[in-house]
Structure formats: structure tokens, C-alpha cells
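Report on the following structure.
Chain naming follows the written order as A, B, C and D, and within any one chain the residues start at number 1.
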Amino acid sequence: MRENMIGRANVEDTPELQEYYRQLAQHEAGALWTVANKIEPWFPKSSSQATLWRYRDLRELVLRSVDLVTPEQAGRRVVMLTNPGRRDVSASVGWLYSGLQVMRPGEEASAHCHSASALRFIMEGAGAYTVVDGHKMTLNARDFVLTPNGTWHQHGVEESGEWCVWQDGLDIPLVNALEANFYAVHPDLVQKPTFPVDDSTLTFGGPGLMPVNFKWDKPYSPLFKYQWDATYEALQNYARVSDGSPYDGIIQQFVNPVTGGPVMPTMGASMQMLRPGEHTRAHRHTGSVMYQVAKGSGYSIVGGKRLDWQEKDIFCVPSWEVHEHANGSASEDACLFSFNDFPVMRALGLYREEAWDDNGGHQRVTAQQ
Amino acid sequence: MRENMIGRANVEDTPELQEYYRQLAQHEAGALWTVANKIEPWFPKSSSQATLWRYRDLRELVLRSVDLVTPEQAGRRVVMLTNPGRRDVSASVGWLYSGLQVMRPGEEASAHCHSASALRFIMEGAGAYTVVDGHKMTLNARDFVLTPNGTWHQHGVEESGEWCVWQDGLDIPLVNALEANFYAVHPDLVQKPTFPVDDSTLTFGGPGLMPVNFKWDKPYSPLFKYQWDATYEALQNYARVSDGSPYDGIIQQFVNPVTGGPVMPTMGASMQMLRPGEHTRAHRHTGSVMYQVAKGSGYSIVGGKRLDWQEKDIFCVPSWEVHEHANGSASEDACLFSFNDFPVMRALGLYREEAWDDNGGHQRVTAQQ
Amino acid sequence: MRENMIGRANVEDTPELQEYYRQLAQHEAGALWTVANKIEPWFPKSSSQATLWRYRDLRELVLRSVDLVTPEQAGRRVVMLTNPGRRDVSASVGWLYSGLQVMRPGEEASAHCHSASALRFIMEGAGAYTVVDGHKMTLNARDFVLTPNGTWHQHGVEESGEWCVWQDGLDIPLVNALEANFYAVHPDLVQKPTFPVDDSTLTFGGPGLMPVNFKWDKPYSPLFKYQWDATYEALQNYARVSDGSPYDGIIQQFVNPVTGGPVMPTMGASMQMLRPGEHTRAHRHTGSVMYQVAKGSGYSIVGGKRLDWQEKDIFCVPSWEVHEHANGSASEDACLFSFNDFPVMRALGLYREEAWDDNGGHQRVTAQQ
Amino acid sequence: MRENMIGRANVEDTPELQEYYRQLAQHEAGALWTVANKIEPWFPKSSSQATLWRYRDLRELVLRSVDLVTPEQAGRRVVMLTNPGRRDVSASVGWLYSGLQVMRPGEEASAHCHSASALRFIMEGAGAYTVVDGHKMTLNARDFVLTPNGTWHQHGVEESGEWCVWQDGLDIPLVNALEANFYAVHPDLVQKPTFPVDDSTLTFGGPGLMPVNFKWDKPYSPLFKYQWDATYEALQNYARVSDGSPYDGIIQQFVNPVTGGPVMPTMGASMQMLRPGEHTRAHRHTGSVMYQVAKGSGYSIVGGKRLDWQEKDIFCVPSWEVHEHANGSASEDACLFSFNDFPVMRALGLYREEAWDDNGGHQRVTAQQ
């Protein structure tokens, strides 16, 4: 790791120094210059790899878990998505975890709470619901729901429903790394809803409206569910009056209506629409992102690697990797749901973003998955 | 103003003191104890009177102004509503001004800007529009639109429209009292829209959604128009899951989506729905409120005075006056639009609210208008 | 008030219009165009006058009040400073009140609380103290102390002390105008200190330090007293590394250490030092200011009027009046304590400031007091 | 990791499941229930160990580095303190790095900037200085200085000074883990001071004072240096009016005077004083802390391990480890400087704190270092 440049470490190993290092080690110490260039890199190089998880590969495996384990044994029947570079921390990209969970009609998991924050994006089925601190939310395909840090929550599928599959997203790896994860099982095992069903969206669903004298001192959104229909309509409306972002097309962030900020302190989420034929320009930023294809098909190029995706496929963009997105259809729009750790980056003053202007703003493809 | 109580001024006039007061006056001074009890009241007693302005009385007068003055002569053809106790400052209640403005198809006022903040609530007609800093908004009956402090704005009615009447609400009296009002005429007299029509609602109209990387450093909402249809639907949704406020029924505040706070730093606004037969409990608070009946009929009791109102009637509640509202219909809901100076009260630490529990929470009627 | 300019009202009185106005008045209404130019001025013109109160004129009158009234009769023995343009609201400038209070050794006023916020600046004497919500503060000459909105407070002078005179500053006129003033006498008439004497300065007196886990949800500073010695030293230190402000010299604001913002939501305060021979450039801003000369002598020019001041003199600058300050000594510095309503202006989005560049940045003197 | 409890994973390995896991792995996937109990622990168990670094052990080794490497070769001559459980990330505790740096009179390191934030606590010597974005700060023993994320900074010792040793504290491991670290060498290699020496403390050194109209949009404190003399005096003052914290004695946090919050978004710092004979009660919290003994001697018990410390010794408290501190002297006070990652914990909603009430609030000692 030696670098021949002023301001960088460039020390040759000598027997004398090795003896010195040995003595330092006896006192739980070391010489900074032996690692300085490594721990002070010129720019971030993520340990995560750009990865695509195809739903056609995983669906059957996810459904098979129903036969293999009961919810009681497994806690939750989840196939987790493990990034090749992050298997040690069970992360899908960076410090974000994601998995695919399946539930059958009539099943309901026990209620628990933890310091990790969670979100779900519904992929298929009918009759799914989530209860968060007494608020029961009914869920349809492509709905997005929160179960923030410290809330009692449980998932289930109504007796009258169908097999349901959804994507879970959590900051478990981050909260573990920060040595701050607590876990508790609900004293009654299952909490009863104490509010009218879907009160969250019915209370906060008006654009630019909020109940008078509403008090909220939690660091996350009191709106727990964001419905696909309203979201997709909002994107179409926005597309009528804006060109959106050169890097992301027509994109809106899910926000906490009380603050206009991210839905939770550790994770943000967005929905974006690539118009027919749209191919965005490349850029890169700190922070990690997990995408799910909510609608349509196309491809993304991440760090030079082309990932061809279809509806319900999942892929990731590691921190500081250059990326761009393309809608594969000339007639249909394509929509990407995504969640990220940008709120962490911003809260800590570490968010940075940069356009990639080489080659007309588009990368050369060097690999494919 | 003498009061015989410890901690209050209780000084008898004597010739010696009168000579003393005369000497003080020579030096632009006075004795506090001669006014102390007056300027330190036990609780606020508003100089405004509870007042009802009936639209059936005013409509013809408003329309007649079209024949009496041109927009060029008058600046704007506005019949202002002057509270009997506040004629000296041209206020409708407290430090809030309100007036009824009329415009004919094809008319467009010149653009100007001022330190006073303004809002409009559309009462009748078709084809009205407002342009705010290049954003053109089309307006239908019961829509609510902002023209905040410092924005260039102008109003008009399309050639293809109808005679339009709306209610203006401004903080002109407050900003004048604070000696901070500036006024300017647009250099081009009329500003051209520079954004797509209605871009504000199409950009910020999704519940819990906001454009990614949207930057906004103004102290007011970037959402300038709040549409009646969406607002009324939100109230109905909210009524399905909440009992609302005991004092106001089903009430939602119009908010700045970027902050969750009031639409402007000096004025807030709300829409509330009184369910069929609903009669709210009485309470009082600091801050002044102007109401317009958006839908239905009923009455309010303000400081013991009963005000019977119908659609498009306007009435006010002065600061710290006890008030309650009643829907006069057993089958239809009634809706009240209102604007207020609560943001001022809250920013300055002066907001205070109190339930009125006497007589089962309802006042005895002692007067009527 | 007619103005012959597009965008301004320019309507001639006619019999027909006068009849129309009469009809409007019957319905508590009026025509905006009859007052529009008056209530929408091009820029603010304060109703307050630049005024100087000389301590040599007032001191004897203030002391004489001791013989004329008892604290029990008067509540407080205060000579209030009434601006010639604001006698109707008992204000010294704009919406700010100020007065000079005297107390003899052994006197202690009863404790009360009110929605108005108050501050004191000690002028002479020894042994003065103030108790705020159980915190007792000893006070020396030129110390500055807060008694914020809603706090129980009382003033006194120790038996062992001397006759004390201080300047009171309050926002009473503002809070009355906003119809939000409440008043209460302490149930025990006099509150007992419940914290160690001077705990406020001893707790928050370290630069850049704050007790760990200190919780504070009040909108005002928990540091109630700002001592002259530390303040003067801070100005001298600041002068060693900064040229300060071209309009105010070496100036520091008293701040709430918890927020870095103003000490109270409605009033701010500053101390500034004019270096020997310094004559600042002229500027103007919205918001009103009361000054007291803490040290030295010199003059200020306010709206063209020259005010020659000495130590303990008091003067005001009305909103939007051009002003500049000059130290009259070539060898000694001069210090001005001031308080203002800038927090109101800023909270409401109404603060505006402008350099006065004519005539080399200095006004021509057209009057003198 | 199986747990026989509802809500926890308890799945037995079978050949069928092993085959299933093999298939999942082929698609970069896994079964959550194989790791769920591990990644959702009941409470945090830090990978760091309570560790004490004795200055008498390290001082000679630190000084010897002067003979072994030049600043040009090493970048900086730093002996880093590596926690036995965190050698892989070069951390001293949790995600915090710390090291001891030595410089000789006349040496000056080249200027650089990085996304990691840094702080220094001066241990011995004279003539040390740091330059941060053009602000040069002179440093004496026990002074505390910031070099925040993104600032150009360099360290040196005046020709007229003495050998200097200080403790560096950085969030390098955290910023690397978050894949957000950027590094740059100053284009001129060494930056020239562009402000008067020590302007930061001379500008912001007044308690409760701040320059009028000071603008600051950075997320860290504009006060870069906190001086020992003023800090120690503040602790003594605070001790006169407060019992402080049961867990930490007389403790004050170094704060950003503009916000009252922590000095940097990722690291906070405090100074605490244990009064003669004081032995604090035990508690635990999320977040990691590095301590240096600024004055006196005593011991701390961390997770049952007793660490006996003297002046200039350094020790750490890992996340959620129970800890308590004892002053070993019955006549002298003892002071601990510390820095931590609490701002990270708080920004992300992960801070949690708990008193340890067993055994009268004191741990039993089970180990010693």
C-alpha cells in the first residue's frame, strides 16, 4: 500500500521497523503508516458488487419454503438476497438487507419490534396486511409499507386472500454494525389493531393537507402505507410538467408528510418512471440502493455491468458506482421502486453526487448479468 | 383603571402627582402605574367584533363595482370587509384583511409584489387564474390559492370564462402595523407564465410524495393551489377513521409539503366539515380567524352572538372569543374554509387555547346577527 | 391618496360613488380603492420618531417616584419612555416598551407572570436581583437579564444594597396589539428561589459548552443573565480579529446557547463597541431598536436627526429609518446596549436591510436633539 | 443459533434443507432463518473490548517513531490504538479510530482534506498549532481542536516550540464502512493562514454571544478550538450549582455554538470532572466512547473489568457495556476528556441509555487491566 506521493505513506519495511511493530502490538497499538493509504482511500471502492436477482429464478424457491418450514419454526419464511461481497453481514448491498417473504392465506406472524427499521414492497397475491403499533394496513401489489424502528409490527394474509410474496428491506446490517440492535417479542404474541383499518392513508392522504393540531414526535413518518395507484398517478402528473432528473427520469421520493423528509431516519425510498425509450445519463453518489422493477422491462448499467431486468426483478447499485437506466420499451413506461440509505449519508454529512460526463454521459458495457 | 389588589396599580390622583406627570411628559416620559393595569390585562379582550357578512347582501354590490370603476382606475375592484372595531386599520378581524373581488372575462390585473402575503378562495365563475412567479394556476370554485410575501402575482379571467368572484385574504394590516410593507409594480406590468400551467399541483399533488432533490429555501409552500375536489375527498376519508376535533369537527389544515407546517409564515388556512347535525363544543384561542362557508348552512356562536350562515357567507372569530359551530342540516354536511394568523401566534410563543366547559360546553346565546 | 400610475388606485370621488360607499358601509364593507394606496405603501414610514432620552433629565424624576408612590400602590415604580408618535400604545418605539425602574434596598416586588416578554439592563446601584422561575440572579451595573413570556418573576434589592435603577424593555405593546396578553399574580405573592443563586450563568457560562443531556423545550434561553464583564471582554477579543460590521462596529448578539438564536422569540438584544473615533456607515432595516449607552459618549444620526448621547442615555431607531453611529472620543471606546424586535421580523419573513450609499454612506444632518 | 421460543428461528438442519440452501446460494440468496437469531440479537454485544492504553507504556514508543520515520515517509508519525476486537478495521473502539502523534519543533505536515472528521487533544509539548481552512489555532496542553469533514487542515509545531504529542480521534472506520471516504492533498501542499491567529476562539469565546449576522451553513462548529483553562473553569462553576450526572459527575459537552448541538455530525466530545472521592453509578448506552485522563487518577469499571488510570492514559467503553468511574483521590479532582459517536446514534434514532441498578448501582469486578 505504499504510494510515492507527498502526503501519503511510503515506508519501507525494515527489520528494525518490524521489531517496532511487534512491540507496538504488545500494547494493542500499531503504526498508522502501515495502513494509512488503505484506510484513507482517494475515493470509495464498495465491497458490494452490482448484482441482479431475477424473479423467475427465485420465485419457485421462495414458494417452496412454504413446504420446507412453518412460520413457527422459521420465524418468517424469507429468502434473503446476499450480495457476493457482503455475505459476512447478510447484506444485499452496503449495509442494507433485503429478502423475499411468502405467506399463505390465514397465516399471521407473531408481533415483534426491533431497532432495525423495515419496509415492504408487495409483489404478488391478495389479502396481505401489516399491523404497525395498532394500525392495520391492507396491502395490494406494488404498495409500499413501513415498519419503523421500535414499532410493534406483524404481517399476515387474510383467510380469504391468496399466496402473497413481498420484498422486505431492512437496515439490519447497519444497526448491527453500529451495535445498537434490540429485539423484543410482543407480550401478547399478536397485537390487535386499535385504530380503524387503513386510518393512516385515510388521515394523511390529501395532498398538502394535515389534521389540525396533529402531534407527532417520532422520527419517522406517521403515514405508513404509500399506495401504488396514487403513486403512479403522481408520476404521470409530474411527467406532464417536468423533465424530471437526467439521471433518474420522472422520480419522486416517498416522504414523511410531517417534515417533507425521508420516511425513516435510516432509509429512504423512491418510485421512478422511465418514459418509453428513455435512457438516462450516468452518475454516481455515495449511499447504496436496492431496486425492484415495479413495471415494464429494460436494463441498467452499473459500474460497466449491464443488468437486464423485467418486472419484479431486483438489483442493486453499490456506493459510488456509476449507473444509468434504460427503458427497454419504445411504447410502455417502466417503473422502478427503490430504497436506499441516503438519509444516513445526509445526516452524517457524507452524501456526495457526481455526474459521469465521459462518453456522452454513458458507460461502456464491460460485463453482463 | 385602579385595581385594589397586590401586584396591580392603585394610585390615587393627587395635585402633586399631576404636576409630576406634567414634568415627565416634557421629557417624552410618563408614569407606568397610570396605564399599567390597562396594558397588562388579565386576559385579551379583542377590539374586533364577531361579524357576519352575508353574500346575499354583498353580491350585488360587488358586481356593481364593475360598472363603477375600471381595473385600471381601481387597481383591483374589491369590496373590502371592515370589522366595526377595526375600521382604522382596514381589517376584517384582528390584523387580517379580507375583501371580495370581481373580474370579467378577458380582464387581467397588472402584476405586482408586496411584503404582505395573500390568499384567494374562489366563490363563483369560471376561467379564473392566478400567476405566481411564473406559475399559472387555473382556478375553479372553492379552490384555494396562495400569493406569498415577495412573489410577483397577477389575477385574471380567461376570455372564454365567466364573471368571477373570489375572497381575498391578506395580512396587510399586520405588515403595516409592523412597519414592514414594501410594494412594487412588475417592470413588464404583466408577467408571462414561464412554467407549464398548473405545474405546482401536478408536481406536489401526490400524497406523501416529493420530487427527488427538490430544493426550496423560501419560507412558504411551493404548492400554490389546493383544489376543492381533493380537499373534500380528504375530509370524507378522514371522517371514516377519525372523530376529528371536538371544537371543529373533521378539520384539516392546508400545509407546506416541504415542512408539514403552515402555507405561509403569517397566515394558515384550513377546511373543516361539520357532519349532518353536528354541533361542536365551544373553545377559545388566541389568534383571529376569517371563515367562509364553502358548503351547506348552519350557525356559529361567537362570544355569545349567534351568526346564521349560508353558503358563501363570511364571518370572523376574534382572538380569545369563545366560539362553537353547528351544521343546520340533519342530512347534508357543511364545510367551512378559514384562514388565520395562528402561524404568527405560534412563531412568537403566543398561541394559547382553552376549552369552554361551562353549560355542557355550549354558550348561551345573548345576541344574534 | 390617488396615484396616477398603473397598478395604483386613482379613482375620482363622484356622487354616485359616494352613494355606493354609503351602501357598502351599511354592510360593514368599503371600497378597497379608497384606501389601497395608503395600506399598500411603496415602503414603510414609521409612526415612531427618532427620540433621545437623556439620563440627566430623567434620573431625578425617576428617583423622585420613590417618595411619590410605594411599590404596593404602583405595582412597580417605573417612568416609562413614550415615543411622541406612539403614546396611544405606550410604546417607546414601534411595538417595544421601555421604562426606568427604581428600587430601594430591602424592597422586593411581588411575583407575577405575563405573556409579554421582558428584559432589564442595570444602570446603577448595588444589590439588585431578579428571580425567574426559581432562579435567583444577582445583578451588577450593565448586566442584562431576561424574564421571558410565561415565567414567574420578581425584582428586588438586598437590604445591604444601594438604590438601584435599571431599564426595562418589554414587548407589551406588541402582545397587546396581537390580543394575546395574559397576566397572573403569583399565588404566594413572592416566589422563593429553588435553585442555587446564579446557577444559570454558572451552568451555561463556558464558551462552547453545555451540560450533557440538558433538556430544554422552552422557546427562550435557559441562560437568563449576561454579565457585563464577560460581554465587554468578548467584544475586545472580537475586535482583535475582526473589523465587525460597517454599520455597527464590533457587535455581538446575545443568544440562546441551546439554539444559537435570539434570547426570546419576540426580542433580541446586542452589545456593540464603537472603537475610538469610529463613525459607522449608514443603513436601514425593518424592525425597531432601543439603545442604551453602556459606556462612553458620541452621537447617532437617525433619519437625518442627530442625537448626541452620553453614558446611560437612551435612544431609539424606528423601522426603516436610516441610521449611523459615531463614537465622540478619539481615545476611548463607546458601547451601546440595544434590544429589538428582529426575531419577530425574521420569524414572519419581514426582515429587510439596505445599505445607505448616498453621500459616502453618511446622512446629512437636518435636525438635532 | 436455534432458539426454542415463538418469534425466533428454530429450524433443524435436514438433507432436504441443505440441498435447498445450496440452490439458494447459486442465485446469491440464502434462507433468513439460518442467520435470523444472529442478526436480530436481543440486545447489542459489542465486538470491541474494554481496553486501557497506559501512556507510560506508549510514550517511549511514540517518541521513538521520530527516529524511525520522517513525516515525509510516514505522512504522519502516529501510533494507532487498535482494539483487540477491531484490528480488521483499525478501530480503537466501535467505529472510532484513535492514535498518538508526535511532532518536533519546526515540523509541519502537508495539508489535506478527507471525508472523515478528526479531532485532537493535546497531551504534552509547546508550540503546536493546527490550521483549518485558513484559521490557525495555537494549542496548549489539554486543548481540544476540530478538523471537520471536508476542511483543509494541517498540523505543525513552531520552531520555538517543544516536542509535542497529542491524541488524534477520527471516524475513519465509520466513514470507510459507509463507503464514503474521499481524500485529497492540498494543491499548495501547505495552506497559508488567511485569518488572524486564533480568530475562532476570539470570535466565539463569549458565553451566550455570537457575532450579529454571522452566517454559517456548514454542519459542524465554526468554533474549532476549545481551551482547557476555560473548560476547567466552566466545570468548577457548574459544580458549584449542580450535582451533575449520577453516571458521569460534573460533565459538559463541547457544542457547536450556532446550534447548541454536537461539534461535528459524526463525533461528539465532552469533559467531565469527578470530584474528590466520587464514584459514579453504573449505566450503559449505545454508542462507543474513547476517554483520555486529562487530570488526576482513578479507575473505571467497564463490563466488569477494572481499568486503573493515571493522567494521559486512554481507555474505551464499547457500545452497551455497563460502566462507572471512580476518582482515586480523596482530595484532588480528576478530569476525563472523551469523544464518542453519539451524534450518529442520535441522528439515526439508535441512541438508548439504561441505568444499571443491580448491586446498588455498582458492578462486581471480574477482571482487571
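Here is the rule we use: contacts are C-beta pairs under 8 Å (C-beta built on N, C-alpha and C of every residue); 3 or more make two chains touch, one makes a residue touch a chain.
This is a predicted model, so every value here is computed, not measured.
S.K.: Where the centre means the average of the CA atoms, what chain is farthest from chain C?
M.R.: So the chain farthest away from chain C turns out to be A.
S.K.: Just give me the whole-number Å value for how far the CA centre of chain B lies from that of chain D.
M.R.: 53
S.K.: Distance from the CA centroid of chain B to that of chain C, rounded to the nearest Å?
M.R.: Comparing mean C-alpha positions, chain C is 30 Å from chain B.
S.K.: Averaging only over C-alpha atoms, locate the centres of chain C and chain D and give their separation in whole Å.
M.R.: Taking the average C-alpha coordinate of chain C and of chain D, the gap between them is 44 Å.
S.K.: Out of chain B, which residues touch more than one other chain, so two or more?
M.R.: none
S.K.: Looking at which chains touch, is this a line, ring, star, complete or other?
M.R.: ring
S.K.: Which residues of chain C touch chain B once you look at their complex with the stated criterion?
M.R.: Interface residues on chain C, with respect to chain B: 5-11, 16-17, 20, 23-24, 27-33, 35-36, 39-47, 51, 53-54, 57-58, 61, 64-65, 68-69, 72-84, 87, 90, 94-95, 97, 99, 110, 112, 114-116, 149-150, 172-173, 175-186, 189, 219-220, 264-266, 286-288, 318-320, 344-345, 347-352.
S.K.: Okay, in this complex, where on chain C does chain D touch?
M.R.: Against chain D, the touching part of chain C is residues 195-196, 198-199, 201-213, 221, 223, 226, 230-231, 233-235, 237-238, 240-242, 244-245, 248, 251-260, 263, 270-272.
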